[in-house]
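Letters A, B, C and D mark the chains in the order given here, with residues in each chain numbered from 1 onward.
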């Protein structure tokens, strides 16, 4: 069980890094944003994993029952906020992509640089 | 049983993430990112974070996908083939990932009830929110009251996102060309119209 | 009501932002923005005087005692940062009116002010809070509004630089979130004061140093510490003038504040510098930044870009002061937060005047401006002298403290490099001065002086450069008090 | 458009249920998962569906962009305004206990009020952002 516990964290780290790599290695502006959202989502999995308690139940109080183990509510609360922040960033990023496409006719980073260098 | 499902979902997440990286058709990429969010929502449910699962499904799989598809309807849908193997990003990612794995290797093990995170602030919410707030859903109590100020910040963040999007997209396209003093002046003189209009 | 002053500092502008959007008239939105800036300035002065008189203020949001609820905690350091941010806002807002009319489409002006208020609100929120996750939330408010504001620049490159900033800024924010999560996993708390007490107990694990590293990288991205500064030059160069003036003087300053808060208050100097030896990384990076970025500045042909590179170098000075980990060094860093905000604020505002009248800030287009725009260029010259660090300006005060702090530890090569940075600053400021005063303008060009609505705010900052350069008692006093508090030295 | 009768009728049939579900999510947030944010997203989804099926023009007539913009600003003001009310009643910011005589009721109404603010903002923002993206034409590029 102990190994499984760490296995969970490691997979999450790998997921985070795939997202991060997509973000910094690709030149397509939409793909970068997809990478960012995978990166952020994976960080959220890490948080939620922190809150889990084996044998626990969702943090909704059950009436009349004592000695119930509830999963930690704090990571959930933080991640609810983080999800909203993530989609907010994504919306602004995509709006920028639309405008860049209108101004340059492309969303590939190298082609944009070429156009700016010519001038 | 839980462990099997957990590993399966994590494995599927891994496959999706790698597919996301490799596929160059952006519509497929966007769909995959929607699937990624749905898988995450499933994982959150298993980790007892039902509120988060609900939100992730609505936002990650719903809103984000709609926004990305909306963008793709305006731009080219095929990613260019990467010109060269990016060495630096690979290095950065390997170092970052290595450091993180090093860091998590002494983290409190997954799912144990006596982890420090479960012993300090959270117990108060679990034990007291029932009579301090009087609502069964602890997440709602914390979100609305104990950490209500964060939620106000969150509401402001989405409002800010709207302001940003409207600033960028509200009127017709402008500054197609690099801007120069003469052009700008000419624009400005033209019947006093706005230089960007 | 006065007990609520800490929260009103942030909430009043936060409430005025949607109002500025709702009124939908450029003039009314501007008035609302003015009200927000002036309120924030007044409130921050009130907080600073109260902190200096009564000591640290703690405000419990929702009346929940920390660490269960979110706490606002104001001490000498962040009260000073609040004053910096809101003072710059109070000078930039009146300046923005004419500048924005010229540079931003009229149907966007109303939302422009909304975003500017939100950006200020976010920065104030970061500075005042005592909760690490709350930092992240307000960081995103300020960042998202900054991305949008930068993208409004008249050149299309504003869009790409904003995108680049968004990507790097989001990586920085995500790194900060990872760091916060790791700290939370080991301590169970998010309150800064509580973290400071609990972290030493678990500092021996591998997790805490990793959390430390992620926070360090994340914050360095936000503060554009060399070599993570790549987003900054373009973002400053292509943003609308008023936006550059505001963001250049506040955003990186607040990031420096975060660095101080995390590594001194939360982790504690013993862990950050004895165990993690952060100073051994920060000092070389700061010195490299000072030298290489000053040299890069010399080669720029766009003056806003030149000043942006100079900003990266100046961030080097602040970080250098911090990396000395002494009362004098820290005080120099904190003092330079304030002083550099004045310096860059006045220089970028002078460039905004040039933009207004000439429509360009390229070096070639500035020939002969010394004659045709005498007040603007005089402001630039005085700001430039302050940037170099000539006596009787604030720049001198910062460098004086910094050199003293370096010599105090026997680090004379560091002192030499600081002075070399000043020499390089002479070169790039002279480049602009030479073109403006000694090159003849192209024939037939008529350029008028900028209107008073731009010149007065610019000169207010220029005069502040001189005033606080002559009488540094107030600023240096606060900076030394803050430095003592951070190091835990009794005053 | 005629070949999409099923879609159009189906949508008309679905939308009331979506709106109802959104209200359920909003009010049931105290007991189960859900709350203002999720409800706002679902509310917005109903209008997005309407716009997708009946066209943007129709949708904008039912729900003018200006109304959506106003909503998004009002929600923030409702949230922060709740805090201002608690301060006027002599408490600290967002201290719901002072709202009513009984702290329980105060907390209840306080949370209800801020969740309503969240709902209004999220609804307004999501619809407005959708309009902003959907209103952009490819040929403008």
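As a convention for this text, contacts are C-beta pairs under 8 Å (C-beta built on N, C-alpha and C of every residue); 3 or more make two chains touch, one makes a residue touch a chain.
None of these values were measured; they are calculated from a predicted model.
Participant: Look at the interfaces C-D and A-C and say which one is made up of more C-beta pairs in contact.
Facilitator: Pair with the higher count of C-beta contacts: A-C.
Participant: Centre to centre, using CA atoms, which chain is the farthest one from chain A?
Facilitator: If we average the C-alpha coordinates per chain, C ends up farthest from chain A.
Participant: Report the inter-centroid distance (CA atoms only) between chain C and chain D in whole Å.
Facilitator: Going by mean C-alpha positions, chain C sits 36 Å from chain D.
Participant: Please work out the Cα centroid separation of chain B and chain C, and write it as a whole number of Å.
Facilitator: Here chain B and chain C have centroids separated by 27 Å.
Participant: In whole angstrom, what separates the CA-based centres of chain A and chain D?
Facilitator: 24
Participant: If I count partner chains per residue in chain D, which residues reach a count of at least 2?
Facilitator: 31-33, 37, 69, 72-73, 76, 80, 83, 93-94, 96, 129, 132-133, 136, 140-141
Participant: Going by the touch rule set out above, which residues of chain B reach two or more other chains?
Facilitator: 50-51, 55, 59, 63, 67, 70-71, 74-75, 100, 104-105, 107, 115, 117-118, 121-122, 125, 136-137, 139, 143, 145, 147-154, 156-162, 164-166, 168-170, 173, 175-176, 178
Participant: Scan chain C for residues touching two or more other chains and write them down.
Facilitator: Within chain C, the residues that touch at least two other chains are 14, 17-18, 21, 61-62, 133, 137, 140, 144, 147-148, 151, 156-157, 159, 178, 184-185, 190.
Participant: Mapping chain-to-chain touches, which pattern fits: line, ring, star, complete or other?
Facilitator: Graph shape here is complete: every pair of chains touches.
Participant: Help me check something: in the complex, which residues belonging to chain C touch chain D?
Facilitator: The contact residues of chain C facing chain D are 1, 3-4, 7, 11, 14-15, 17-19, 21-22, 59-63.
Participant: Quick check on the complex: what are the chain A residues that touch chain D?
Facilitator: 58, 60, 80, 84, 91, 94-95, 98, 101-102, 105
Participant: What residues of chain D sit close enough to touch chain A in their complex?
Facilitator: 31-33, 37, 129, 132-133, 136, 140-141
Participant: Taking the touch rule as given, give the residues of chain B at its contact with chain D in the complex, in rising order.
Facilitator: 50-51, 53-55, 58-59, 62-63, 66-67, 70-71, 73-75, 132-137, 139-141, 143-145, 148-149, 151-152, 154-156, 158-159, 161-162, 165-166, 169-170, 172-173
Participant: Would you mind writing out the residues of chain B in touch with chain C in their complex?
Facilitator: Chain B residues touching chain C: 99-100, 102-108, 115-122, 124-125, 145-150, 152-154, 156-157, 159-161, 163-168, 170-171, 174-181, 184-185, 194-197.
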